[in-house]
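Note that the chains take the letters A, B, C and D in the order they are written out, and that residue 1 is the start of every chain.
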């Protein structure tokens, strides 16, 4: 049975998988954003994750998890723009801030760092549950992950639960009427469409679960 | 998608190359995608920085120059610029009198300008004015709030004139806020537009439909209605503006979304003017043309700005930018 | 057809109503569809009258004002104006120094201006300059000759400045002819346009095609080609111009056909500029924007005008019209 | 058997029939002009013939044929613009100039007046046979009419021959490569399309034949 520790290498794998997933889903994310936004979410995320891959490629291999995710976050802030740049940027900056100098994370400290990221997104964007944003995928992901850990789940099980929670949360955005971001301008017409940011958040949690799938 | 472009992902950098070549009185930082005046403003005058997604040209880069902006940060198409740009622009244009940030009210723009301010620290005094003049957004409690649209153009001109005459940062910010408070806009689209990196129209309209209450990002509006004559369209734009605020003496601005012929914009202006006459509203100044656009979208918006002698003096003051130029 | 219009047959009169309302410094004769300066030019200066079909705005009406035209006669969309208009405009703007007629080379325009001259008799001395700068028309023996396109804008500015400085009719006509002789243009379309009274696009282009060698009336061009990146499109426009005439020091003008975003026009300008640099041609001045349009047609044209110090001085002279304004 | 004289009333009927035909064919003429021109020939001719109807409605009922057609021509010149305004305007001005003070026309003087009109069009537009213009309908119309009159045809027969000649001439424009007017810019691409001005000229000669169909 594999390690229970989440290493920097695991987290690099997370970023690589998330990046690939974003590129593979670029057109899909843009199509979602065409329906209730401005048709750029796929392009925004792809530009950002390409820049992240480049930045991580030249990062000091001894950098701690905290420094690594500060780089990820600052890169997204510097390269993406729009709503998703500051939001995902803040997510990773706060994630890194919480992980700080840790060399490895366990299930609990991973959940804590993710929580810090989510709280950063909420603080930055001021969205509440039900506003039809990425937060609606993040919150159920964290709830599911906490519950799994409380039940004694492994890291692999807990992140799989988080991914499943994100998917559920994402799909629950369909009937919602948007109250934040561009989609909110549509009023009732925003109902019936899946939120693009919630969709990219699912890719994030699914990538995490894949990267840690063999962790005890 | 058919466009006069090369690589869809390089549209903004390629266009900035052309803009740089076309205008000797502008300087372009191509790395950071910032448009500056070639000749910086005299020391002691407030700097004006704006920015936003590209695709709204001439806004904002075309409004850089004496009497208007000092710098404009260009984002990707319909994507707000990033904090690095605003930080660099702010530092570059400050002459010691502080800098006004002019931000259109969109979640992305707000957050990126906000982060720029947080990251910049206290080196430069920055005030921010947020434009939110779009009456199509009726419910600001359950939305991201009204969007910044046509008033942004008028505000950049008027605040630019205030800065040019040497008003201090508080005064320039006050005049900017006065413009935003006194301005209202409403827009409609006959067609969608094509975001280059997306490659197909953001929405589809039938040949007998139009979208009422659109913004400037090719996003659908609040309502899809059956196509109607210009006289009726003008009423659909003017009525909600007049319901939202009372007007007495105005700058009347008919703005093209980019794909409608100037002939039609003048025609719409004639209809708007008739409605204003009927409502007993005096028109002090007029502006008709493509000033804040949504790529090749066909359609237009109407902006009314209540003005007093002070605002009119600032409006009439010389301005010399690629997009707006008089008296100089 | 979806347009910001009322009755398709009243588009021009309705638009002129709006234009009149928007510009205090213009006066519109609505019966005859003539746009005049509100403040006529000083006595003893040569008058400039142009005109043509509508749908090319800002040309010509938007170029009426100090430093440019004295009057513009607006025809129906894409239909040249009638002799009555040119006769009335000529009589109205003559201050005793004679009048220059600026006519784009189209059969209809030529014949209607000609008839105006025949019918007018000898009361006013009239000289006529005919613009025919379009290199897409290669064979002038077996065609109506080259069309007048982008050069018309530059000519109206430069001849207007010559008249404003008090040059006499022969001198103004000479400078106008010099501009026409030294200018060449080439255009392309990505889409057709919709003539309001026709109600549907004049031609159909597939999503992977463009028309090379178009004029400004929505007519198809000489060749239908497979869509290509901007760099290649620019070459398709610049190469035939440089083959037709040698250039040394130019005004480089990228004109939008009406439906292409300014972002793309700047991008094209960047490509054109690269080609001119490669060819060792100096660019003295640049102009980028929608100046002589074809309703909502997407596409652009390139015009090069060889200039000397004299033409540059006239180009730089103050101009104050709705469509072109600087130094005043 | 009806009169051999062509009266002013007959010619008024000609103009009324031509006007109706233009209105009925407005979209067709515009469609032809869309293919090789600028999509305004139908609108141009309709605007012109509406104005002609109005002008004739207020014309002095005692005006001679010459004065009547000078009004028709000047109205077209004043209201149409484009290429067709001066061309059809000149046609009628010259027709009227030739008919002058005549109260009635016979076959020969009608042909002469029509010929004067056609020569006016040629002088104004400088088109030759084969240039793919209205002249390609006018010339064969006149040739056919002259031949018929030489063979002793009645006015009805002669104008019917003229109409048939115009139709033949019009159809012969299809393969031509345009050398005058807007269509000439298309070069070889103008071949394969019927010239819009030749089509409206057919309407003119057909209307004449209808108006004079019962004339001996």
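Simple rule for what comes next: contacts are C-beta pairs under 8 Å (C-beta built on N, C-alpha and C of every residue); 3 or more make two chains touch, one makes a residue touch a chain.
Worth saying up front: this structure is predicted, and the values here are computed from it rather than measured.
Listed by label, the chains touching subunit A and subunit D alike form an empty list. Seen from the Cα centre of subunit A, the chain whose own Cα centre is farthest off is D. The distance from the centre of subunit C to the centre of subunit D, each centre being the mean of the chain's C-alpha atoms, comes to 33 Å.
With centres set at the average Cα position, the gap from subunit A to subunit C is 54 Å.
Of all residues in subunit B, those that touch two or more other chains are 77. Residues of subunit D in contact with two or more other chains: none.
Contact topology of the protein chains: linear, an open path with no closing contact.
Counting only pairs that meet the touch rule, the chains in contact are A-B, B-C, C-D. Only residues 30, 34-40, 42-44, 47, 77-87, 89, 124-125, 177-182, 184-187, 189 of subunit D touch subunit C when the two sit together in their complex.
Interface residues of subunit C facing subunit B in the complex, by the touch rule stated above, are 1-7, 11-12, 14-23, 54-55, 57-58, 62, 77, 190-191, 207-208, 210, 227, 229-231, 233, 254, 258-271, 273, 283, 286-288, 290, 293, 295-296, 298-300, 320, 325-328.
The touching residues of subunit C, when paired with subunit D in their complex, are 9, 53, 75-84, 106-108, 111-112, 114-115, 136-137, 139, 142-144, 147, 195, 197-198, 200, 202-203, 213, 215, 217-222.
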